[in-house]
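Structures given as structure tokens follow.
Shared between the two complexes below is chain A, which pairs with chain B and chain C, respectively.
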Partner chain A sequence: MVLLSVRDLRVEFATSGGVVTAVDGASFDVGAGETVALLGESGSGKSVTAQAILGIVPKPAGRVTGGSISYDGRDLLTAAKGLRGREIAMVFQDPLSSLNPVFRVGAQIGEMFRRHRGASRREARAAALDLMKRVGIPAASKRLDDYPHQFSGGMRQRVMIAMALALSPRLLIADEPTTALDVTVQAQIMDLLTRLQAEEGMSLVLITHDLGVVAGVADRVILMYAGRVVETGSLREVYEHSGHPYTSGLMASVPALDGPRDRLVPIQGAPPDLLALPSGCSFRPRCQYADEQCAEAEPVLRQLPDRPSTHQAACHHPEGVLTDVH
Partner chain B sequence: MGAYVVRRLFFSLFVLWGAVTIIFVVLRLVPGDPAYIMLGPDADQAQVAALRAQLGLDQSLIQQYATYLANVVHLDFGESFRLNADSMSLVLQRVPATIQLATTALLLSLLIGLPLGVIAALRAHSWVDRAISVFSLMGQSTPSFWLGIVLILVFARGLKVLPSAGSGSWAHLVLPTITLALPFLAILVRLTRSGLLEVVHEGYVQTARAKGLGEGIVVLVHAMRNALIPIVTVVGLQFGALLGGTVIVETVFAWPGVGRLLIDSIGRRDYGVVQASILLVATIFVLINLLVDLLYGFLDSRVRLAGD
Partner chain C sequence: MAAAVRRRTRAGSARIRFGFAVIAVYVVAAVIGPWLFRYDPVGTRTADRLKPPFTRLSDGSFAIFGTDQVGQDLFAQMLQGARISIAVGLATLVLAGTIGVTIGLAAGYFGGRLDGVLMRLADIQLAFPSILLAIFIAALLGPSVVNVVIVLAVANWVTFARVARGQALATRRREFVDASRTLGAGTWRLITRCVLPACIAPVLVVATVEIGHVILAEASLSFLGLGTPASTPSWGVTIANGRNYLADAWWISTIPGIALAFLVISLGVLGDALRDRYDPRLRSL
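Then we have the complex of A and B:
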């Protein structure tokens, strides 16, 4: 069952250099209970997509200018406000700046119950304590009255997760939840997220630029480049049979523990300048398969030859990519 | 925190010592002899000399200063030459009127300045914001003595709706309060606007929105509590300027406060009263600064006061 459906989403930002199209016609679905990884480099539009889903695109600079987002049959572009926090929750990248420095963490978690459920101060405190225990914060009853700066990075992210889970949302969006953390803590937070997801049966959208984070966690990956979805499919499919040159380049640039100790193969060229995107395919200047067709027409997502229907890529020459790589 | 307060109070003594020393020296550098002024132009040399001796003004400056300091330590702030009464009790009699004026001005500034600043920040770069900015810029650059006189001309002489001077009723308080509040209010508007604009793009404000909180709570609770920290600091420091402003406003409106007593006493070279007034105002200023530092730690737990 599809819980979240994004269609042709377009988000624009007014900058001093001109209008930037941060998300340019992105479409994807997230099923109930499914874990989807939204992959891409900085500026690919993955975080802005998440902001659009929650209806918190920074105003007045940013604006959703096209497309639709539906959640459980409701139009999120108009109804996001009533669903934020209750049905759809979000965990951000940097837990230190995302928690309010001047309020106690217990109050920040408890606020969800007080404002949304009309709970009393005491009820909210008890509920906050339960959540802090659930996300594995040691001596939770003592830490309820501490401030964010008194916690370590990993513990802060646990507080953020507790806050997000307060009202048992059906969709959790985690925007680079482990990027600001130490490597050892990263694994703990990912374990916590997947455990809670299984317990709650909620859908999880994991936004990251790090393939290692999603390996073994995501059911499906969606790759974004310059505001567009360039490839989508199961992690295994996409990894083993990349149908887009950007994806295959990304896979080739990941060091393998068991592979030969060769030099890493970086993707040629520079990341795209969103203010001056090329005509047709945005990846064209960095692509070895590019020809006139790529300059004329923007490729759309379509099924790859001899691959399952769920595996799609937006490339004019997927055959070349598939045979060259594998 | 107790130790911190004690240490701060101890260092405050040096500030007060500096204040009374400066005013002691300046008063005696200014031309004009209290004895001449008290006796009038017809007095002869012998009478002046006798009065100078009686007032202790024939002693050397160092001697006078030593006597004065010794007396202050024993909480004896000297006699008023003019009124033959204890200087400090004269000053203290005037304190309630000044406090009344300063408090109403402060309240007016907060009641109007904070909301205007919030509106300007929420509507940043709109015509509303520009109108508020122009108002606050004018408020900051209008001299109090000029504004006071214009208000008297318009509301007391012209429209005849408010008294021009004196005290005794709430109506008397209106014009001096507006005059004293305007520059302070203007600073508050600008501080609140810039303070809020600085925090509205912070991560925790985005988190508050993602939590599904109403826009009012996002701005007035989550953003404002953070924006208040610099505002409180400047409000505290500016309160000193507000006290200084009472000198002008009380003179313009013949308000019977410490400021006017101070001006009168300077004119009469009434050393005792001038010194007592300055000492009192300096003490209030020092205490407010201490209060601001304590409030700072209360607003933001990351600020831990040394000695905690």
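Then we have the complex of A and C:
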């Protein structure tokens, strides 16, 4: 069952240099209980997509100019406000700056219950304590009255997750939830997220640029480049049979623990300038397979040859990518 | 060297303690003074007119600051005046602070056209001389303590509005505001729970600096006859009364003047020290 459906989403930002199309016709679905990874480098539009889903695109610079987002049959572009917190929640990248510095964490978590469920002060406090235990904060009853700055990064992220989970949302969007954390803590937070996701049966959209974070967790991967979805498919399909040169480039640039210690192969060129995207395929200037067709027509997502229908890439020459790499 | 742990003194500790101590003395004097030393605004004792400080009066009492032109004890009069000056100062701050912070938050948080309109209003307010405004309001409403508060609040809200607006602008785009929003907080809650708390420290600092100005302004208005009526002898009234007797009774104007100056300076010192401690970025303002 599809819980979240994004169709031809288009988000534009007015900048001093002109209008930037941060998300350009992105479409994807997230099923109930599914974990989907939204992958891409900085500026690929993955965070803006999340902002659009929650209806918090920074105004007045940013604007959703096209497409639709529906959640469980409701149009999120108009109704996001009432669903935030209850149905859809979000965890942010930097857990220090995403907690209110002037309130105790127990009060911040408890406020979710007080505001949305009309809980009394005491009930909210008890509920906050339960949540803090659930997300694995040691000595939770003592830490209830601490301020965010008294917590370590990992613990802050746990607090943030506790707040997001307070009302048992059906969709959790985690925007780079581990990027600001130490590697060991990253693993803990990812474990926590997957455990809670399984317990709650909620859908999880994991936004990240880190292929390693996604590897053990996601059911499905959506790759974005320059505001467009360039490849989508199950984790295994995409990792083992990349159908887009950008994806295969990303895979080649990750060091393997057990592989030969050769030099890593970086993707040639620089990330695209969103103000001056090339015609046709945005990845064209960095692509070894590019030809005239790539300059003329913008590739659309289509099923890859000899691959399952769920595995799609937006490339004119997927055959070359598939055979070259594997 | 027996390296004892060197305690790092925080910025301006001595100044803050000094400021608070002086202000505490004034506040205590203003609160309990008038009970200990009765002041009757309409009483006259011609036998004790214009007695210099440290004089024993005809009824045996001791006038430490001397008496004024109608034989009133200057010390009792100043205690009464302290009460009025401080009350007017606080009331003005509360009123100006409430108006200013509300307008500043609205302007900073919502931005756009509202921000433009409100801040132009503030500019006009700043460009308009407050004495002129005071004359206008006093002429319209007649001189009274409440009207003085209104005049001074109208003249002082802009500072609060600017500070609150700056904080709102800075806080509005912080990530925890977005985080609260994604967790379902509405506009009102975002303003009161996220933006307003961030304003409190700088607003308190501004208030400390401003209260000195306000007390001084109240005295100025009263001196000009636009402030509190003669029956409520604020320091400005007393100073004005003594003006005609400067040649032979210097103390009537001078002593309240010194008291006023000392209080305003202490408030200024305290305000600056608090600013240094709590908001180094404001120092350049």
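Methods note: the second predicted complex is superposed on the first by the 326 of 326 C-alpha atoms of A that agree within 3 Å, B and C clash if a C-alpha of one lies under 4 Å from a C-alpha of the other, contacts with A are read in each partner's own complex, and residues count from 1 in each chain.
What we mean here is this: a residue touches a chain if its C-beta (ideal position, glycine included) is under 8 Å from a C-beta of that chain, and two chains touch if they have at least 3 such contacts.
Given the structure is predicted, the values throughout are model-derived calculations rather than measurements.
Enquirer: For the overlay on chain A, clash or fit between chain B and chain C?
Expert: clash
Enquirer: Considering only the touch criterion stated at the top, classify A:254 as touching first (chain B), second (chain C), both, or neither.
Expert: Once the two structures are laid over each other on A, A:254 reaches no partner at all.
Enquirer: Now for A:85: first (chain B), second (chain C), both, or neither, which partner does it touch?
Expert: both
Enquirer: Check the residue A:101 against both partner chains and state whether it touches chain B (first), chain C (second), both, or neither.
Expert: both
Enquirer: Output check: A:2 vs chain B and chain C. Expected answer is one of first, second, both, neither. What do you get?
Expert: Neither partner.
Enquirer: For A:267, decide between first (touching chain B), second (touching chain C), both and neither.
Expert: Neither: A:267 stays clear of chain B and chain C.
Enquirer: Identify the partner contact of A:56: answer first if only chain B is touched, second if only chain C is, both if each is, neither if none is.
Expert: both
Enquirer: Quick one: classify A:147 as touching chain B (first), chain C (second), both or neither.
Expert: Once the two structures are laid over each other on A, A:147 reaches chain B alone.
Enquirer: Output the chain A positions appearing in both contact lists, the one against chain B and the one against chain C.
Expert: 54, 56, 58, 81, 84-86, 89-90, 92, 94, 97-103, 111-112, 115-116, 160, 163
Enquirer: What part of chain A is in contact with chain C in the complex they form?
Expert: Where chain A meets chain C, its residues are 54, 56, 58, 60, 81, 84-86, 88-90, 92-94, 97-103, 111-112, 115-116, 160, 163-164, 166-167.
Enquirer: Spell out the residues on chain C that touch chain A in their complex, using ranges where they run on.
Expert: 112, 173-176, 178-186, 189, 193-194, 197-198
Enquirer: Looking at the complex, which residues from chain B come into contact with chain A?
Expert: Answer in residue numbers: 201-204, 206-214, 217, 222, 225-226, 229, 299-302.
Enquirer: Spell out the part of chain A that touches chain B in their complex, as residue ranges.
Expert: Touch list, chain A to chain B: 54, 56, 58, 81-86, 89-90, 92, 94, 97-103, 111-112, 115-116, 147, 149, 160, 163.
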